[in-house]
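Chain lettering (A, B and C) follows the sequence in which the chains are written, and residue indices restart at 1 in each chain.
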Amino acid sequence: MTAPATEIALSARKLEKRFGSLVVANDINLALPKGARYALIGPNGAGKTTLINLMTGMLFPDGGKITLEGEDITALEPQSRVRRGLARTFQINTLFPGLNALEAVTLAVVERRGIAGQFWRNLSAHRESVDEAYDILSRLKLGDSCYRITRELPYGRQRLLEIALALATRPKVLLLDEPAAGVPHEESGEIFEVVAGLSDDLTLLFIEHDMHVVFRFATHIIVLVGGAIFAEGSPAEISAHPGVREVYLGTRKHG
Amino acid sequence: MLPPVFGVLFDGIAYGMLLFVLSVGLSVTLGLMNFVNLAHCAFAMVGGYTTVTLMNQFGWPFFATLPMAFIVSALASVVFERTLYRRLYRATDLDQVLLTIGLAFISVAVFAWFYGTTQQPINVPSYMRGSFAFLGINIAVYRLFLIGIGIVVTLALVFGLEYTRFGAQVRAAVDNQRMARGLGIDVDKTFALTFALGSGLAGLGGALAIEIVGLDPVFAFTYLVYVLIIVSVGGLGSIVGSFLAAILIGVSDIAGKYYVPELGAFLIYLVMLVILMWRPAGLFGRR
Amino acid sequence: MTLSDTALTPQAYIRSQSRWRPIEIVFWLSLLLPYVLFPNYLSLASQIAITAMFALSLDLILGYAGVVSLGHAAFFGIGAYTAGIFSKFVWGELFTGLLVATALAALVGYVTSFIIARFRHLTLIMITLGLGLLLHEAANSASWLTGGSDGLQGVQVWPLLGVFKFDLYGKTAYGYSLAMLFLVFLFARRIIHSPFGLALRGIRENWTRMPAIGAASRAHIRKIYTISAAMAGLAGALIAQTTETVSLETLSFERSADVLVMLVLGGAGRLYGGLIGAAVFMIARDQFSGIAPQFWYFWIGILLVVVVMALPNGILGGLSALIARWRRK
């Protein structure tokens, strides 16, 4: 599947997760090479967000192993995984409603720098952190609204703030859960421009429903159905795959 | 001849049964609606004072007042659910705590105003008062009655949850609210009915409590602590959990007072803390 | 916000958020007025200052980190009893007494913080309640140390700075309490405007997002809980020293519940909320001291229902909403 010489940034082997008799992850195996642009697609309820939750530690698997740059992170708590370079965004905005954008991203920066425990000096005295936060916001075109309280930001900007928060952790691997979810079609381009502009060193896996976006940005597609990997391959292979068409168009009943 | 420890056990179990009837309603509504209702024992008080009024003012027989205690408390809870509680289902824990504590404060004052602050006596039928000896231990008739009621209530609840349609709706809504709504279950109505049922049971408990522990306006707080301990130890939404926790707390309390009176309520709090730290969701709680 | 803010650099903007506002300076200066306007009420004023400190300590964990505690009086009582016992068996010097009491309260806070940080929602509420009740029972039983229900006897403190005696008029007591309150307030203010303060607000605003940005929320909670416990202990020590009595009431559930009401009344998460709430609550209680306790609590109950349904951010929240609406006109 991948050239053996390529470095694998994030991998999962034989990942399993059950809720009672409901299997949400069934023998999942995947490997993201460094710098990859992978898309994760599948019908609703296939377990895509669950997979991200498993990879990031919000859920613990019943079986299997997760490796980040060669290190086994299966037993690590979410914050430890973030510190090692694995970040994610949420499908439903999970922001800090009462903080303004600058404060929110600054918080992520000071956490990363390990100075969030300092209570003696004023926040403004931590110049580099504030500047770095502003820098990230500017790159995402959020600079001019950075003093606005998060809950007052338009939805599209909130989605960008989701990404800004994740970027502030300086991830090596970034998992994006439907980054343009709920954003009107005209504005979603802005979000994907941002995604496209991300560094080539950054490994990306994004969940997406819009096939145009998937074919435009992804070099490799993984199709998840019913908690298991149904198919994977290059965009050309996947679009020609008969089973994938059926799963999406529903010509074949599955249950 | 049984050793005195069995007498302690009997009394403890009877007390536990009373606590169970008082607590089970809160456990179910907390597990179902995630609504922290600290006014739960105020509803118990409503039931207790209903019985007192019916018996002392209107000469009703004791057993006839029990269903009324249930009904009046249930009705009172419906009023509050419609007007106030409904709006706070998605509010923070703190807001729910504050609102319901406020209501409890108000209820204490209202009952103190109408009934005074002293304990209210009632005259249960004479055959309920006595006791008899059984294998060398003293069995009080009223306590035996409490155990009977406890078992009946438990069976009714378990049977109701498992085998009735309403019960199935409650279980679905507890398990996954969104999906239950999606299946067409009127979750709001289920909440309201369950809440009324739970408060009604509290009212029944309040009425039953008069003979054993007495009734005064501070009842709303005195027993709130016990009820909260039982609910958190037993696990939210679990009837079996409440049952076992109630027995555990009832027996611990009576045994503590009998064997180590200097400790006071220390033992109960310690038991609760140990169990909560070992199992934060309670003995039978989920999550 | 306003046009002038967008002209500020990010760093300057953040700095401006922590600027002292004129109204704050007016507020603190006005706290000297009781000496002139209400010379007969200085003892009450002293108690208010101490309770305000206690409320501020609760605000740090409740208003900023979102930890609901129904047992915070435990630390108040620990501070009070420690200071009292210290003055009885060691010496009556005030500042060392404060130091020892605060240190012990901080230690107990630190140890319990490991338990507190692990739980949330009802379980956390129950654990704080249980720990508070447990301590109260233990203090009641340990009457050889605490004096039990009679209270601690024989508390005797030296004059402040060797000169100012604590008398019935409360002049020294108020000055002492007010000065300590101001110092503690400055400290709390520093915390709030620091990176740590931002992290606490993050915890309150969205618990789920914190681990996703690499935050160790539990460690943060442990830290603020310890600081809050120390502060509450300091307040308790002050009460022991200024009134030269310590009773079981300092550890009681009533005190825990009252301080919660005060904080909510004034508005949690706004630093001044606890101070305002404590003042309003205690002045009202003093004015209505004639009526029976259950009727006092009737009005508290009404107040709680009104605050929750209509004024969710307390007095200060209501005021700032009014001001915001007035500004928009």
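We adopt the following convention: a residue touches a chain if its C-beta (ideal position, glycine included) is under 8 Å from a C-beta of that chain, and two chains touch if they have at least 3 such contacts.
Everything quoted here is computed from the prediction, not taken from an experiment.
S.K.: What is the identifier of the chain with the smallest separation between its Cα mean and the overall Cα mean?
M.R.: Chain closest to the assembly's C-alpha mean: C.
S.K.: Compare the CA centroid of chain A with every other chain's and tell me the farthest one.
M.R.: Taking each chain's C-alpha mean as its centre, the farthest from chain A is B.
S.K.: CA centre of chain A versus CA centre of chain B: separation in Å?
M.R.: 47
S.K.: How many angstrom lie between the centres of chain B and chain C, each centre taken as the mean Cα position?
M.R.: The computed centroid separation for chain B versus chain C comes out at 34 Å.
S.K.: Report the inter-chain centroid distance for chain A and chain C in whole angstrom, where each centroid is the mean of the CA atoms.
M.R.: Here the centre of chain C sits 42 Å away from the centre of chain A.
S.K.: Provide the residue numbers of chain A that touch chain C in the complex, in ascending order.
M.R.: Per the stated touch rule, the residues are 56-58, 77-79, 82-83, 87-88, 90, 94-99, 102-104, 106-108, 110-112, 115-124, 126-127, 129-131, 133-134, 144, 146-148, 165-166, 168-169.
S.K.: Using the touch definition from the top, list the residues of chain C that touch chain B in their complex.
M.R.: Going by the criterion above, the answer is residues 62, 68, 70, 115, 118-119, 121-123, 125-127, 129-131, 133-134, 137-138, 140-141, 257, 260-261, 264, 292, 294-295, 297-298, 300-305, 307-309, 312.
S.K.: Hey, which residues of chain C end up touching chain A in the complex?
M.R.: 1, 5-6, 10-15, 18, 190-191, 193-199, 201-202, 204-206, 208-217, 219-220, 223, 227
S.K.: Help me check something: in the complex, which residues belonging to chain B touch chain C?
M.R.: Chain B residues touching chain C: 30, 36, 84, 87-88, 91, 93-95, 97-99, 101-106, 108-110, 112-113, 117, 217-218, 225, 228-229, 231-232, 236, 262-266, 269-270, 272-273, 276-277, 280-281.
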